[in-house]
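Which chain is which? They are A, B, C, D and E, in the order written, and residues in each are numbered from 1.
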Amino acid sequence: MTSLSPSPPQTDTLLQVRDLCKTFSISKTANLHAVDHVSFNIQAGESVGLVGESGCGKSTLIRLVTRLLDVTSGTIQFDNTILSTVAVRQFPKSPHRKGIQLVFQDPTDSLNPRFTAYDTITEPIKRLEGGHDKAQLQARAAELAELVGLPQELLNRFPHQLSGGQKARVGIARAIALNPKLLVLDEPTSALDVSVQAVILHLLADLKERLGMSYLFVSHDLNVVRLLCDRILVMYLGKIIESGPVEQVFNHPRHPYTEALISAIPSFEAKPHPIPLTGEPRSPINPDPNVCRLYGRCPKGEDQCQQVMPTLEEVAPDHWAACHFHN
Amino acid sequence: MTSTTFQHTRYVISENLVTFGAFALFLVFVLFAIFGEAIAPYDPLASNSAVALQPPSAAHWFGTDELGRDILSRVIVATRLDLGIAVVAVFLSFLVGSLLGTCAGYFGGWSDRIISRCIDTLMAFPLFVLAMGLVAALGNTVANIIYATAIINLPLYTRVVRSEVLVRREAGFVEAARLTGNSEWRIMARHLFPNVLPVMMVHISLNMGWAILNAAGLSFIGLGVQPPTPEWGIMVAEGATYIVSGEWWLALFPGAVLMLAVFCFNLLGDGLRDLIDPRMRT
Amino acid sequence: GGLKACSSNDTASTPDTAPADTAEGGAAAGDATLTVVQGGGFPNSLDLHRVGTNRPAYGVSWVIYDRLMTFGKKTLDDGSISYDYTVLEPELAESWEMAEDGMSVTFTLRSDAIFHDGTPVTANDVKWSFDRAVSIGGFPSFQMKAGALESPDQFEVVDDQTFKVNFLRPDKLTMIDMAVPIPVIINAKLVEPHLTDDDPWGAEWLNNNDAGSGAYTIKEYQPNERIVLERFEDWKSGPMPQVKEVILLNVPEAGNRRALLERGDVDVNFTVSEKDQTELDATGNFTVVSTPIENCLYSVDMHANPELNGEANPLGDVKVRQAISYAIPYDAIMDTALYGQAVPMYGGSAKPETIDWPQPSPYTTDMEQAKALLAESGYPDGFETTLAFDMGTQEWAEPTVVLIQEALAELGITVNIEKVPSANFRSVLVEKSRPMIINNFGGWLNYPDYFFFYAYHGQDATFNGSSYKNPEMDTKIEAALASEPGNKEYDDNVKGFIEMAWQEVPRAPLVQPQLGVAMQPNITGYQYWFHRQLDFRQLEKA
Amino acid sequence: MTLHPSSSSPLTSAATDPATPQLLKVENLDVEFRTRSGTVKALEAVNFAIQPGETVGIVGESGSGKSVTAFTLMGVLDRAGKVTGGSALFQTDRVAVDLLKEPESSLRQLRGKELSMIFQNPRTALNPIRKVGKQITDVLRCHTDLSGAALRDRAIEMLASVRIPDPEKRYDAYPYELSGGLCQRIMIAIALACSPKLLIADEPTTGLDVTTQATVMNLIKDLATQQQMAAILITHDLALASEYCDRIVVMHAGHVVESAPTHSLFQAPRHPYTAKLIAATPEPHKAFADLIPITGNLPDLKATTIPPCRFSQRCDRYDPALCDQAPLVREHLSPDHQVACWKPL
Amino acid sequence: MAHSTGKIIGQRILGAIPSVIGVIIVTFVLTRALPGDPAAFFAGPAATAEAIEEVRANLGLDKTLPEQFFLYLGDLVRGDLGTSLTTGQTVVYDLMTRLPASLELTLAGLVFAIALALPLGILAATKPNSWIDHGVRLLATAGVSLPTFFTGLFLIYVLYYKMGVVPAPLGRLDILYSAPPKITGLYLIDSLLAGDLELFWAAASQLFLPAVTLGLFALAPLARVTRASMLGMLSSDFIRTARASGLPPRQVLFGYAFRNAMLPVITTLGVVFSFLLGANILVEKVFAWPGIGSYAVEALVASDYAPIQGFILTMALLYVVLNLLIDLLYVVIDPRAGVDA
């Protein structure tokens, strides 16, 4: 389906996703296509942003990648190992478990209310590395707290005794505890205030530099993605509809949806302006494979869009878009 | 945590006099249960036909029964058995119910379907009749009364735990636990269950009162503990036949104490709810 | 003789009878409505030949059906009225004649008797009814057999008004047995359309329908709830009852029954506990009649075999049984469990002086004696045992067992009490699996040999609660059965087995229970019947 | 520089311009919450005013008291909340009423008719088991003389005016059948059903997609212009406020720290907090290095003693000698630009 | 909606089949496990071993358990629940006559409880932590803290025996009345249908005390849930919207908050109802009420299999129907319920 050129996996390709699909069955006849033939690569040390509107399948995609969800079809290759065939139940035992970690969207929800910050941070070390005595663990926890800027005295606190920003730090500390090669972040700042958001963004930039991890950074805020990522993937209703270097996409969006997304970002300078998308999104349940997913909302929508699903095409070097009218 | 819990407990108790009263009453019952024989003024089993059916007096505060036994002493000594039945029965159903409920809620699929079906089947029985049937079939011993009570409470616990686990199954911290390499069983035991526990506490205390009433009901239809063991329910049930002939104290005092106990557990449940309800916390 | 557990309140019954036509005439027929409450059992069938029909059902059957004969009546020492089993009086049969050889009897039926549907009563109906009783199996056939009535061949229709019964062998019970509740005369023609191959005796139909010729008809029948009887104005087999309508209600709660009577909402409380009998009597506002139940005994049965359930049985030791019999706190039981509403069956003379049964045993509460006997026995240090009782008799049995438990503890015998639901208690009786039980047994027909045959004989009938077997005892019982009261051999045998029963004490007699009934003062005419149910025909309401 | 004690100097500008009567004038509003663990001084001496037809933004971090302000004005504070001082004069057609003192029954006449509110999280803010059309007619029935079919027609008209496609059909829809964006439009339809003079929108777009956010905001803006309605837009997104508001009120920990016309606020913020807030907001052309976080947390509003300047602990211009004076000053820099700081930028 | 209603009914019924089969099996096994020997019991006291065996054969108890089970199943399919030896009637007849009595009692108790619990719960919720709230809580808890039989006997003692203000505890009708012609089996309704007001009054006054006794027991859970759910609703966002839209307090309280708060109340109502159906055994015994509860107890005490099995099966079916009704009620109140059903 996808036309993303299957570039031969370079040696430094950390994650390679090919034709990944995930459908949820809603009833006997209805399938919800949450992720539909998605392909992309992440190189070692690269930060990739994933944007798209609510419900387009971002979380599903990363749950697939982090092996919290079984795939319907397609492959996920991590570190030259195919992971998509490992069952979710088995994956905690896999050596790659510690290679992919996730920072959750909601810092409150993702912390066990009955675990202290210390318990939470040391949990992956105890489970996946093992063989540490108490002193070692404490040292590691202190080190991690230091790394994420969490005051030591907070380590003994329970989640409800921490502020939002502090909880976010605990969540990040847990995710980086084992130096994962790939850190997936699911809207890590969307539950936080702007003031705290800025802190966390700086922390993430800093960590990336110091630990050399790859990021898959999910957000619906293009503004934030722009600050942190090298490359961007734009998703719409289960499909990647545009991808490319972040500045390139940001300044010259080639897909009408990306265009709308960018123009809708509020800014101090801009004045209210109509945005091009109207109407309601199409349903992800049993979508017609021959109709462009944006059809009906898209200002350019023409007959062709109703007959042929546009595929990703390279519109500029390393810049891909799936629109019949990309220029 | 501990200190804030303690403060919070103190706060809830002092805030709510009714709950405070319930806690105090509960302590009294516990004392009776432990030191019953020592506190009781008479031997609860010693009959004395000379003083049969005496109304309350200075010598016998709660009066005497048809065999001249001191009702006060019997009521006090019965505390252990009654609380024992309630505690053990509720504990059993809690234990088994939580296990089943956690499995059903967490694993879903077939295990859920099978467990839920079994629980549905149990629920489709008129529960009191089921208890009667079980006690009648197994024999009316204390152990069997406990089993029967435990079995009929099982659906409650299984269902509540199941739904609580279902709510939390998708919670971030469970996924996080999976990411950090916890096995399924470990997630269930270490991450899910401890979080369900507080909610269950409320049910436990409400259920205790109900367990006592259940035992009393069994006594009334003759399936209670064997005589001459003092037990509130059987004392009320047997004393009830004396109400019309004017010997009201036979049923009234055990009934009042039984009511106090159930009452106490109910109020305690409310108190616990306040204690646990996150909205009440700050 | 039929046998029944004899507590006055485990199942209800309807005493009171209109005497047969030879009795002095009743009051003039009135239009009173009589309300009766009973509990602890309520008539569950209109057909007392059915499997599972309970004792209270006899009371209803007794008045909607007639029998050929009924019993006379006598006034007891305390002034209350009782049936007299020595006198047979006509009911449906106008007269009867014993054959010369004593091997048959011929009944002449009343010519004016009609069934409730208006058809005349004929000898065919009588034969069909007798055939049914001996053929249907279960208790009815068993009871008929007790009077040597075993086969339809014995019954002969001579003509429409004449019915002949041929005897298989001489039996002192044959005639009496034809006046007990079982051989009711059923309207055969009415039942006939309802007979099927599966149900040749119309049990299903008769269960809910009235095919009788008795003094009352069924007006409303709500099983287990409420029965309304209405006087049959064409009844000819006795004096017309005074009460026009009887409403019978099931009230399971004893306290409520008492409250209803006290508040004047019902006329008769027919299931009264011993305590209520005493207390209601004391108020002076009610007529309380309490009649000792003939041939009936409350006792503690002790399993007399040396082994029980594969283990050595201490109670198999006669010294142990005697020790226990001396340890039982008789007076306390009499006072606190039975409120004095019973005849003491302890503290009598060492040797039986009469052939009356029951009569007081020589035992009294004597702890010294008990201890001495236990010391002599194989179990000087006591032992652990179980005492079971029927939940249905809980009211008096529970205090009784608790008192016994307490007393035996003094001897070093640990008694575990087992309260057994009624259904299971029957199994306990049948299996004889418990070392001690509280037994409650009485025979319908007032002969000591009958009582002993069921309670002490080695045939080990259900009511031989101690499973007592002793050939010597059996010989005496059988000899007595075969002879008639009044002759010496009979008396000797009876005295012999009574004395033996006291010596061996497989059962320690406690009391002879009484059948109590409490009525509003305007109710008169109550008569005690061996079947222990009210006879509505005899009751009168002022 | 003139210093006014807060008690006597309203932060609003309208006092200087008697020709245009203010639609709403909030003065010295104090609100407290009595909770089990202490009293939260949620609002202290809050002052601001709104002219007819004006759109005012209230911005600030979470917990700064934005919603409490709105709830207080609408009279829908939680049971635990108590207004302990101040006034809120609202200009109706004939008279000015004090929203804090008027009896409940007459306030009810105003709510939904003269001033209405839309809430954050439209899904939970709609009655889940009532048809959305009915929820609109409930308000209409209560405030207008319409009845029967006219009610329904008017409701459908409202649905159409908030650009809901297929309004006839959506009339019978339940909230769960609609997307978040549609639900928010229903909320707007309910709020605007009786053409109020003032609309309070409490974070109307949080939780919505950026594209949906833009549509909803444009809708509000258009309708406000059409109906000459004043609006209070509560948000924590400075950029959003800057796009849609004429004037912006910045709140911090229950205080109004700065109030100014939009352009002057962004051009020259005078309160250190405002400046920091602007610096911390990501913007399309802002470099990562220019994104500067605000350190520290809001003060504990439950504490028995709160510093007079509630920002002092986070402020790099904090001067104990100056800033710990009480009460906090409110300074008019120009007729419509006020700041509450002893050491403004 | 009609579509979803039909679907729900279908699904429910299908879903209930395994439960009902489970109930049948368990009941069968349980009754056979009862220690009493029905043959010995019903053969009568004087029966010999042969007589008992004869009765056993008569009752079909001499067959192996699986044989008995399949015979029983066959009978069930034919709608034959067997015959009660204790009452001498077919179980179907008994249940048909007695079920209405129990239903009438339970419904009356429930109506009483609802009539009291809902206002009390709402009152408590509108004034949380006030003395009214505490008072309601104490009152409701006291009601549930006493064994029903004790409450019943006590009320009879005071109201009937001592004060004479209620009629005698003699079941469904006073002695001298007879039942109205049977249409629904519920005397209150049948007497009205028959136009007999006097009978209606008689039935109602007999019903009063047992219904109150039973209702007191249901009061606490209902009041508790009403309060909690109202409290939750009153602090919810959409109530704030309604208040901010200037809707009158009555509409806010009843039209908005209460309707939403009904959902958990209805669930509880279902639980309470099925609980009461079981618990009224005790009340029936105390008030000589000819319902199925007391029927079951008597059968149990007599090891009379058929009625026990029939009773439990009826209750299980009733339970299924009840749940169905509740689901439907849910759909009526909550449009979302039909979707995920």
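Please note the rule applied: contacts are C-beta pairs under 8 Å (C-beta built on N, C-alpha and C of every residue); 3 or more make two chains touch, one makes a residue touch a chain.
Computed from a predicted structure; not experimentally measured.
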{"item": "Smallest count of steps, each to a touching chain, taking subunit A to subunit E", "value": "2"}
{"item": "Remaining connected clusters, assuming subunit D were absent and nothing shifted", "value": "one piece"}
{"item": "Lowest number of touching-chain links that must be crossed from subunit C to subunit E", "value": "1"}
{"item": "Contact-richer chain pair [A-D vs D-E]", "value": "A-D"}
{"item": "Distance from the mean Cα position of subunit D to that of subunit B, given in whole angstrom", "value": "51"}
{"item": "Subunit B and subunit C: spacing of chain centres that average the CA atoms, whole Å", "value": "45"}
{"item": "Inter-chain centre distance, subunit A versus subunit B - centres from mean C-alpha coordinates, in Å", "value": "50"}
{"item": "Multi-partner residues of subunit A (at least 2 other chains)", "value": "none"}
{"item": "Residue list for subunit C, restricted to those that touch at least two other chains", "value": "253, 255-256, 259, 262, 391, 421"}
{"item": "Residue ranges of subunit E in contact with subunit B within the complex", "value": "16, 18-20, 22-23, 26, 30-31, 33-35, 129, 134, 137-138, 141-142, 144-150, 153-154, 156-157, 161, 220, 274-275, 277-279, 281-282, 285, 293, 296-297, 300-301, 308, 311-312, 315-316, 319-320"}
{"item": "Complex contacts: residues of subunit B adjacent to subunit A", "value": "1, 4, 171-173, 175-184, 191, 194-195, 278, 281"}
{"item": "Interface residues, subunit D side, partner subunit E - complex", "value": "71, 74-76, 78-79, 108-113, 116-117, 119, 121, 124-130, 138-139, 142-143, 174, 176, 187, 190-191"}
{"item": "Contacting residues of subunit B [partner subunit C, same complex]", "value": "45-47, 49, 52, 66-68, 136, 140, 222-223, 226-228, 238, 240-245"}
{"item": "Residue ranges of subunit C touching subunit B (in the complex, touch as defined)", "value": "253-256, 258-259, 262, 273, 275-276, 279, 332, 335-336, 391, 394-395, 398-399, 401-403, 405-406, 416-419, 421"}
